[in-house]
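Per-chain residue numbering starts at 1, and chain names A, B, C and D are given in the order in which the chains are listed.
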Amino acid sequence: MLDITGLRAGYGAHEVLKGLSMRVGKGQVVALLGGNGAGKTTTLSAIMGLIPSQGGEIAFESNSIQGQPAHRVFRHGLSLVPQWRELFTDMSVQEHLELGAIACASRGDLDARVASALDYFPELRAHLGRRAGTLSGGQQQMVAIARALTARPKLLMLDEPSMGLAPLVVRELGRTIKRLNEAGTSVLLVEQNMHLALGVASYVYVIRAGKIITHGPTGDFHDEKELFHSYIG
Amino acid sequence: MKTSVRLSLVASAALALTFAMAAPHARADDPGITPTSIKIGMIGSLTGPAAAWGWPTINGARMVYDAVNAQGGINGRKIELVVEDEQCAPPMALAAAKKLIHRDKVFMLHGGSCSGSILATRDEVLANEVPMMILVATMDKIVQEKPNDYIYRAFLPGSFDGKIIADFIATMPNVKRVVVVGHADEHAGARYGTLTEGLKKHGVELLGLETIETELTDATAQVLKIKDAKPDAVVLVGRPAASAVFLKDAHRLGLDVPMIGATVVDLQDLADRIGGTDALKNMYVVAVYKGPLGSEAMTPWQEMLKKYYPSDKVQASSFLGTSGALAVVEGLKKAGPDLTRAKFVEAMNGIQNLDGGPMACSLSFSAADHDGCRTGVMWGVRDGKIVVIGDRWKN
Amino acid sequence: MEIATLLSVGLSNGCLYGLVGLGLVLVYSSQGIPNFAHGELFMAGAFLAYTAIVLLGLPYFLSFLIAVVGIGLMGMLLEWLAIRPISLHRSLGRASSEVAIVLATVGLAIVLKGLARIPWGDSVRNLPTAFTTQTVTIGGVAIATQRLLIVAVTLVLTVAISVFFARAPLGKKMRATAQNPTGAKLIGIHTSNIYSATWALAAACGAIAGVLAAPLIFLHPDMGTRMLLKGFAAACLGGFGSVTGVLLGGVLMGVVEIFAGRYIATSMMDIFAPIIIILVLLFWPQGLFGARRAARV
Amino acid sequence: MRTLLQNNLVWLFFAGTVALSFTTDAYSQYLMNLVLVYVVIGQGLNLILGFAGMFAFAHGAFMGIGAYVSALLTAKLGVSLLVAMPAAGVAAAIVGALIGFPALRVSGLYLAMVTLGFSEIVQWGIKHWKSVTGGPDGVSVPAPVLFGHRFYGDYPTFYIVVVVALAMTLLAQAIIRSKLGRAFVAIRDSEIAAQCSGIKVARTKVLAFAISAFYAGIGGSLFSLTQSYITPENFGFYQTTLHFCIVIVGGAASLAGPIIGSIILTWLPEVLRNAQALQEIGYGLMLILFVIFAPRGIAGFLIDKGILPRERFSLRRPSLPGRSRPAPQEG
């Protein structure tokens, strides 16, 4: 459903992605692995339209979304949960969930959307009135994902969701991603945590210095150590 | 090579730019005079914070020149005006004066709506021996500071205003203690000196000076403070809008002692602003005109303004510059057909008891005194009408 | 009695400062810039109302509405013309920063003032009050009806805006955008439109203050300059954050100013706003009313 | 030839003004004097805004302090301009340093508002401290007597102004190329990085304010000579805006910028004399257009075109001071 070919993007004159190609099939969980500075976040930002791309093609469900600003990309059914979560610190959890669907055309079923998002994160039910800034890191990650879910995206993009979380929470996160996928959401997972990525993804891309250096079904990457070395170089 | 060509282009452009400021200078014997014309430079606040005093006062003076030109000019010469903006900013005023004197080579200057900025041009005007008629700037020292052989003024300067008020108060029964309310600007500053001096001379106690902002929204603090001081009368040296605010609040808060306003305000204008004369029952104002707008004495001048500048609003400030233009015309006539600056100055110094036109005063100049207008009239409100109370408090 | 009089005036002046300050806070919390052109929006509002009431002879409250909506649209237009191009450059990583926008607002202030002088620079003008009755006496204190209107409108507006931010989808979008523009983009909010809407709302607040204040002062192209400083002072006291904070800041400013003028020196009233700005920003940068500064990363 | 020209543009500019002074009338000469006054003030503002990256909205006030100190010393106490002018600079610098201390506590736009408030207070102070400053009546400035010669009129004043302006420009060049200048730029680009590389950030910031105010003070003193009469109204917000226009239009963070800006902003209002409404609007419009379309000003454009030399300190990227944003994170 998401097809990227020869994507080039960066910040100002500094080009980070140098012709990146990858695809995410419908119903898949795809992992994008890579080291610091490889261009993982840049890839997601370019897809989402947060930064302009300088070349290549991004298509979603056969429609080109390249060059569209974030709010337009969002309407195609793509949601990004960014690395830094980008929550609204002074707003409550409830408000976050409602805001997630604020730009969606059909807001009549807002309560249903919120309820179904909360089904994935029942723990949040106890904190609906709290300001996001006062939550723990794990809870904030839940809010960020739940906020994205209320929009009922077709493709959910997660940028290092495991960062800064306790191992137990990471395991829980893995289970949630699987449940989401089973409910029909495609997932593009960007990770440094290989264990989590290989645990949930069916297909893996490895990025280094702005290019995909290897990819294949998860089954091809038995040896985590070898995989790790491949992108550390 | 290519770049160096470009470079020299830029360099020459820069030079040309600076040259555009410069111009060859040649000295004419009689600057600004031809057999058929006299060039007069006008400076006024056409834009900027004092723009309200700009075009209205300029056109009030210009119409006199227009009328003279319509009758064939003076000794065969028509008056040609060059109007420059000063934005009420001293550097701009100085630039305007220099441009008119050195670039346009005018015979004389007529201008100045802002005391501060016109004061900045004083040295330049005197050093170049250019005759100048002040338009509406009231600060004393523009004209009265010595030496001054070239700068004239034909309407009431600020200090006379203060003196007239002090003399008027001295004749009011039971007024022994007064409070002064006014701005902290040069406009008001011109009055405070003679006012305090005059009050002292007459044995009237000055209880204090309360400051009001020029953009006053409310005068409750001032009014209450004044009420506390229990004065017998209040002197108000404020611009029209601030004065209106003050008077409205004084009325509302029951400060009902007599109030005496300076020439800065006009009773009719205050009544228009406040919406009625209720708050003005006890108000007296030093006026410069022969009568209120619309009165018989003012009609010819209002007609004249309508004839030459039909789109101008007829307002209190419209005729402040008219007497100056009348004096200039008289001086030019008296100076005779062989016009020179020296002759013009001599003629000006000889003007005695010239009718001030819309002004209540008659104009008299001498070599020692270039402030030609010394009479102000007291106006007051009686039965909701503005009436002339008298002029016996003149100098 | 005297205290009551001073309070009534200080309160209504403070409400005006609060309204002006509110417009400043709205733009500040959404884009992180002080809008130096806000005083001119205040002025433009008053002149638009003047045009409607005096020149076109429309009824007061219709004119009020025209002025508020008109200036709101103008605020939107200004954002689109002068502010958005700069923020676009910034997001492209090409140009400068907030300071470029601040200088643009300074430029806007000069331009608007200059434009207003073309038709209205030649004399000062008068806007009629909303009610024909000038004053009412309440408990022995004579209060101008216009001042009552000021307080009433300000209170209603404060409540309305608070509710708007708490409940209305657009208000929530504005808050979200102010707190985290990236987060807002990710949930499909068109942030540029939100900035336009914020400018419109801020400009409308300025226009409301202008129309309310005009009958008390006079109409003049420079009328916004002092008001801007007082609005800044109100916003500083309120901590540049909440709607109620800035209103309280304005009221405090108005009340303290008038009492200082009455009991210390009237010449002080001119200088009060800058002193408050300096003291508050240096010593209580959070403001006095505990408002959290809008979180912007 | 080209590099020779390029490397001596500052000298050429000043030599050009001297050459032109033989052809000008008093009006043009007055404008040229004003240009040089604004070159001095512009260099000072450029040091703090363009190089040190701090937003000081108070140069009108610093200029006023300088103008008044110099005018009052010469007019009331009969002090020689040789003493009065440095005194004007030092007085402004001391006040500037005092304003600099808040700069350690607040930054960016809060600093802009603190300095703006300060300049309001200075103007109010000049207006109300009547016994010393003459209040709104202003002070008239006597023609200076130096080495037994009375410098009265536009041409004699020019010689004072041009010498001081040249000296101040060379000083600015020296500062920019010194360790201090590099410290300014380091603080502008990243305060934390500057601290790490051993720069005393607090001291450098206060110094930047003091030096910049010193320039404005000297500029104010020169300004008072060109006007021969000064009032408090000269030194308000409008004046400060003019200084910003000069630096932004000319080009921040470049030595040539303030020179170009001063020429344009003194010359343009005179050209627009006949288009009165445009005069006032012109400033504002220019400020907007430049920050939108040419944030590096005319100097930046000329540097890109290779007409002006790329100085060691000139920027690779356009930059104005402001809140520093965290660099985008890479994943």
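In this section, a contact is a pair of C-beta atoms (placed from the backbone, for glycine too) under 8 Å apart; a residue touches a chain by one contact, two chains touch by 3 or more.
These figures come from a predicted structure and were not determined experimentally.
Trainee: For the chain pairs B-D and A-C, which is connected through the larger number of C-beta pairs in contact?
Mentor: Between A-C and B-D, the larger count of C-beta pairs in contact belongs to B-D.
Trainee: Could you say which chain's mean Cα position falls nearest to the mean Cα position of the entire protein shown?
Mentor: Ranked by how close its C-alpha centre lies to the overall one, first comes C.
Trainee: Relative to chain B, which chain has the most distant C-alpha mean position?
Mentor: A
Trainee: What whole-Å value do you get for the distance between chain A and chain C if each is reduced to the mean of its CA atoms?
Mentor: 41
Trainee: So what's the Cα centroid distance for chain B and chain C, whole Å?
Mentor: About 36 Å separates the centre of chain B from that of chain C.
Trainee: Between chain A and chain B, what's the gap in Å when you average each chain's C-alpha atoms?
Mentor: Once rounded, the distance between the two centres reads 73 Å.
Trainee: Of all residues in chain D, which are in touch with two or more distinct other chains?
Mentor: In chain D, residues 128, 277, 279-280 touch at least two other chains, as defined above.
Trainee: Would you mind listing the residues of chain C that make contact with two or more other chains?
Mentor: Within chain C, residues 94, 114, 117, 225, 267, 270, 297 contact more than one other chain.
Trainee: Two or more other chains touching the same residue: where does that happen in chain A?
Mentor: 11-12, 84
Trainee: Show me the residue ranges of chain D that touch chain C in the complex, using the header's touch definition.
Mentor: Contacts found on chain D: 55, 102, 105-106, 108-110, 112-114, 116-118, 120-121, 124, 128, 237, 241, 244, 248, 277, 279-281, 283-288, 291-293, 295, 318-323, 325-326.
Trainee: Taking the touch rule as given, give the residues of chain B at its contact with chain D in the complex, in rising order.
Mentor: 3-4, 6-7, 10-11, 14-15, 17-25, 46-48, 84-85, 87-92, 94-96, 98-99, 101-103, 116, 119-120, 122-124, 127, 139, 141, 184-186, 189
Trainee: Under the stated contact criterion, what part of chain A meets chain C in this complex?
Mentor: 11-12, 48, 50, 52, 69-71, 74-75, 79-82, 84-91, 95, 98-100, 102-104, 133, 147-148, 151
Trainee: What residues on chain C touch chain A, complex-wise?
Mentor: Going through chain C, the ones touching chain A are 92-94, 169, 172-173, 175-176, 179-180, 182-191, 292, 294-295, 297.
Trainee: Would you tell me which residues of chain C are touching chain D in their complex?
Mentor: Residues 32-34, 82, 85-86, 89, 94-104, 106-115, 117-118, 225, 229, 232, 236, 267, 270-271, 273-275, 277-278, 281-282, 285, 297.
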